[in-house]
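Got a structure for you, written out below as structure tokens; questions coming shortly.
Should a chain be cited, it is by its letter among A, B, C and D, assigned in written order, with residues numbered from 1 in that chain.
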Amino acid sequence: MNARSRNGALNGGALNGGTWNGRAWNIAGLVTVGVVGLAAMIGLPLVLELSSLLDVTVYLILAILALSLALVWGYGGTLCFGQSAFFGLGAYAYAIAMFNIGESTIPFLLAIVLPAAFAALLGYFMFYGRISDVYLGVITLTVTLILFNAVNSTAGPEYQIGEARLGGFNGIPSIPPLNWPGMPDSALDLNDLFYVSIVLLMAVYFGLRWLLVSRFGRVIVAIRENEQRAGFLGYDARLYKLATFTLGGALAGLAGCLFANWGAFVSPTIFGLGQSAQIIIWVIVGGRGTLIGPVVGCIAIQWLTAFLGSAQLTKASLAQVVGPTVADALSSVMGFADLSNTSLILGAVLLAFVLLVPRGVMPSLLDLARFLVRRRPADALADKAERAT
Amino acid sequence: MSEGESVDLVLVLAIQVLFAMASLALISVGLAVIFGMMRVINLAHGEFLMLGGYSAIVANQHGVNLWIAMLVVAPLVVGAIGVVVERTLIRFLYGRMIDTMLATWGLSLFLIGLVTGIFGNTTVGISAPLGGMAIGNYRTSIYGLVVIAITAALLVAIYLVLRYTRLGLFARGTMQNPNMAAALGLSPPKVYAVTFGIGAALSGLAGALIAPISGVFPTIGIAYIAKAFITVIGGGAAILSGTISAAALFGAIQEVATYFTTPVFGVVITLAAAIVLIRLLPQGITGRFLKRWL
Amino acid sequence: MTGPAVLLETVDLGMRFGGVEAVSDVNFRLTEGELRCLIGPNGAGKSTFFKLLTGQLLPTRGKVLYRGRDISGIETHEVARLGIGIKTQVPSVFDGLSVRENLWIAASRGRPTRRANEMVDEILSRIALAGSAQRTVGQLAHGQRQWLELGIVLAGEPELILLDEPAAGMTHEEVVRTAELIREINRTRSLIVVEHDMQFIRMIASKVTVLDRGRVLVEDSMENILRHPTVRDVYLGKRVAA
Amino acid sequence: MKIARRALLKTSAATAAAVSTGTMLSSRGYAADPIKVASIHDLSGGLDIYGKPMVDALTLAIEEANAAGGLLGRQLKLVSYDPQSNMQLYTQYAQDAALKEKVAVVHGGITSASREVIRPVLDRFKTLYFYNTQYEGGVCDRNQFDTGVTPAQTVQKLVPYSMKKWGKKVYIVAADYNYGQITSEWVKRYVKENGGETVATEFFPLDVTNFGPSIAKIQAASPDFVWSALVGGAHISFYRQWAAAGMNKKIPMASTTFAVGNEHIVLSPEECNGMLICYNYFQDLKNPQNTAFVERFHKRFGANYPNITELAMGTWQGFQLWAAAVKKANSVDRMKVIEALETPISIDAPSGKVTIDAPTHHCILDVHIAEVRDKKLNVLEDFSQQPPADTAAVCNLKKNPNDNKQYVIKA
């Protein structure tokens, strides 16, 4: 390892030729992700019982959603408070189309195209309107609220699109599952959905990795770093941002489609602020500017949320972990005994990360790994010598 | 409906519109102070309102006179919370607008969780004092009129402070040029802490005044946050004229739209109008008009 | 007329901010292959003029012509695509990226990857940063950042280069090298340099335009400018004396 | 798993006691695993005010059953999930209950949305499901039993009662979702049948807190009374703003949603005195069954327990119906229990007699009209054995046992 050098933010291997040690890291990372992904795909259905496999499936689906924001925010630098809007649109588009068409190929595509088109429209409005980053956050947040309010008030019988009733607050239940393209009678069962989800997640992951080392990916990062300079170099920042935002919308829509399949259900809470907050927390916990980080962040936070609801963290159970004195003190400080409070915990996690670990877990871990590898050239040499003998 | 009755109805509706404007200005002004002077987007603003409501109600339940609870206790408590928040969180994040947004969002979730843990999810409330009054055949709440009056008085007071006091001079200077405070020999940390505290106190007051009307529950802030934001951003950087002009505009749009359609479309139309406004006037109303105003 | 063609021209250019006229009635001409320095005291309107030329500001009066085409207020990226390269006063680079990546972004627009890589290697040696190619730009010294920005501008192969205080904050040796670099660039490109370091302007020895209170005060060779009485009064007096 | 753990602790304490006294128990007694009963109710998030009393009722029911020796000689174990008012977690927990815990029955769901989320899951994984909330009616699914009242059972009685008392012009304000929409359809129908007129119907999303313009609209329409089908915490503002304008002294109000979320305790007496409501259960019902029940409930959860709600009683009755069926079937097998329930099962509950209506899987039960007075609900009139007429109009599981959907009932 060349101790002096540090990777730039592009994580690109090809650009710097074989001499750059960043390339080794990238290949190692890609191989690790590929191997873990394949192992999960083959191994999980064998070792997990169905209910756990279903839990894993939804985490994988949400990880695609996490990746969509990882692209738009982590790499593109556009903080979208309304990623859930595209997620929800994808789910609703799939559900409505599915009730009307009955064969899932077109609904599946619609669930991607429609949110992408909406993102493109909104993005055009914002980026070409030269709206600053902060206002962009407020606008995306407001649009999400509008969608939530609008869809929430479609309970009346007049809100019907073809065969599909929108259902307002109650949402749309019993959404028909995906089928293999062109074969309306062979619907995906729950195992199939797991395979489809993991394959799509890996496809999205590797697709984005490829995109980010392409010129397009390098330019969007450059624009994030310095929009003015990119403009001086002849790159139309608005266009690149718009393209990124649109792609993010498409990916979120894809996740929405799968999510609607998983629970066979969609309701307006999918547009809610809570959902948006979750996505942002996944990305910030996992790390902006990485792809694997938000995936890990998403799965960890999801697991935590589910855990808190099924095994309530009471004073008694807390006492087993931290001892009765600490538990007593904690609960008297908080003023209540029931500490299984998702909002409280997610809020604290978000605060802690913004203040203490703003880069997120993965970049910090990777630095640590590099540091450890770098620190022990002697060990590595010894290792080699041993093997040689 | 007789002619006299329809005149009465118009009057009642006019009061409703005025009330909508006043309450919008009321819930936004604390946010406007913080945004106008510090360029901090405080996503925990809704929770400051919520805490104001709880402070007033808890104080009232412990025997404090309702008006004192609303007008004195709530602003003091939430103002103090604001200072603590600024000292422990916000000050580490100056110049990082996006991170400030995220941190205050985290704070928002945290406060919702904390208050839920302490008070539960039940709506608590106090009845609106003063009862109703008749306008012809219609009845309207006197308290609504009082809220309008208090809001007006508050805005006048802010005007006087900005216009005629040393504090106001600093504030105006800081709005024009963020480095002003330092130039005037004030320690910026102190100015920021005080500003944030004042903004929080105003939010606490607003939350307390709204509480008798809507009741208080831990997530009530979410209902207000979007409205407060579009008012502040739609209004632009000028604290007073921005808040007033945007509150008047959006309040009127919302009330009229609600009366003729449904409350949902009232909200949807208002939010959509706000987005169009921000698109047309990215610096807000006062960025284009009323530039020299406070 | 058979002289060199006019590359950049402003016609009655004016910019007003509220009640303040930052730039007024500027008629400025740059011929192809020329190296022009733009000087003036603080508040003379240099920065505003620079921003008008680069499309960052839309003039309230008059227009900017590039090869006869009106470019006032067009989008920044279109300015670049016309063949104008810009270096700003505070180095505008991609801080989070490596030196090589910075140059690569600049070189790769409109070029195949292989050609872009060659270009990057060439520029790295030209701006003496080959040894630091993998370093993150945020870690570079100020002078190196200035050079890097110059390299970034060169990588776009513009016809006209606009430089805003390219020698600001440099050590004497760095200033000398920068001047050399600029003269070398001038062999193939036209340049406008906004600067107030007279030493530096002497080193690149060229025609100078003096701006004062938003107007062109005088336009002449360096030697004549130094002798110009009004210029001495408004601007040079103190500095030369010091 | 707060409650499950508590149950577990009890069992292990019993085991410890048995071991310490040296008594050898027959292996059969302990070899039988406990029968698991899942509870999926919101204990946090926006709906916890509804969920907590329901879980408390279920907890008490199970503790009492265990104290009485369990069911079929086996102890019962409550597996409690808190979906935090989050639909995704409803799905996950329903899957977990059915597949991992393999529970005998799931009691759960508060909103219709949450019911429609878990219903298909439990159908797919063949796990019996009890939905114990009052709702808009129309669910037709052999795997599910609904113990809450539906609009036809309450609205049908309260509308004529109110019209007789106050007059024929009705203004409806309702929550803007299925339940509010369908309830208001039924109100309209019965108003018309009784010769009255519905002057207007207005819907409010569940998070609306400003009712000023609507209160003006209502005054303009000057109805004889207002019918409220408002739901949830935000809508409490309506009653408050209504009273603040002094309207509560001018125009009376009737509701089949008020007080389910303890609105009558949150609001001051002046704000809601005199409202008429209609439910299956009131804590103040005067019968020996109920008196004993309230006493046991207060002993378990404290005498200052705010109010034993309609939903809590629905859950209690749901559990008792299931337990009675298990005894009758002598099995916890899903189909055997369903068939036993369809015989039909009938119990004497604190609210009166409750019988499963076999064709609809809903309940035939008593309803009562009460008046809100000083934070109490005073029963004015009883109507015995109301059938679920609305659902019966669209659903007959005897004829179509494979029917599986929620019908939208046209009133």
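Keep this in mind: contacts are C-beta pairs under 8 Å (C-beta built on N, C-alpha and C of every residue); 3 or more make two chains touch, one makes a residue touch a chain.
As the structure is a prediction and not an experimental result, all values here were calculated from the model.
**Q** Going only through chains that touch each other, what is the minimum step count from subunit B to subunit D?
**A** The fewest steps needed to get from subunit B to subunit D is 1.
**Q** Which chain has its C-alpha centroid at the greatest distance from the C-alpha centroid of subunit D?
**A** With centres defined by C-alpha atoms, farthest from subunit D sits C.
**Q** List the centre-to-centre spacing of subunit A and subunit D in whole Å, with centres computed as mean CA coordinates.
**A** Measuring from centre to centre gives 37 Å for this pair.
**Q** Which integer distance in Å separates the CA centroid of subunit B from that of subunit C?
**A** Each chain reduced to its C-alpha mean, subunit B and subunit C end up 48 Å apart.
**Q** Where the CA atoms of subunit A average out and where those of subunit C average out, how many Å apart are those spots?
**A** 43
**Q** Go ahead and note the Å separation of the Cα centroids belonging to subunit C and subunit D.
**A** Roughly 76 Å, centre to centre.
**Q** Give me the residue numbers in subunit B that touch at least two other chains, ranges are fine.
**A** Residues 116, 222, 262, 264 of subunit B touch two or more partner chains.
**Q** Send over the residues of subunit D in touch with two or more other chains.
**A** If we look for residues of subunit D contacting two or more partner chains, we find 44, 176, 203, 205.
**Q** Hey, which chains are touching each other here?
**A** Chains touch in the following pairs: A-B, A-C, A-D, B-D.
**Q** Name, in rising order, each residue of subunit A that touches subunit C in their complex.
**A** The touching residues are 2, 4-10, 12, 15-17, 20, 22, 215, 218-219, 221-222, 224-226, 228-237.
**Q** Which residues, counting only subunit D, touch subunit B once they are in their complex?
**A** Those residues of subunit D that touch subunit B are 44-49, 176, 202-205, 207-210, 212-214, 216-217, 219-220, 222, 233-234, 236-237, 240-241, 243-247, 250, 261-262, 266-268, 270-271.
**Q** Which subunit C residues qualify as touching subunit A in the complex?
**A** 54, 75-77, 79-81, 85-86, 88, 92-98, 100-101, 104-106, 108-110, 113, 117, 134-136, 139, 152-153, 156
**Q** List the residues on subunit A that touch subunit B in their complex, please.
**A** 79, 125-126, 129-135, 137-139, 141-143, 145-146, 149-150, 152-153, 273, 277, 280, 284, 334-336, 338-339, 341-352, 354-355, 358
**Q** Considering only the defined contacts, which subunit D positions touch subunit A in the complex?
**A** Going by the criterion above, the answer is residues 1-2, 5, 43-44, 80-84, 86-89, 91-93, 95-96, 98-100, 111-113, 116-117, 119-120, 176-178, 180-181, 203, 205-206, 405-406, 408.
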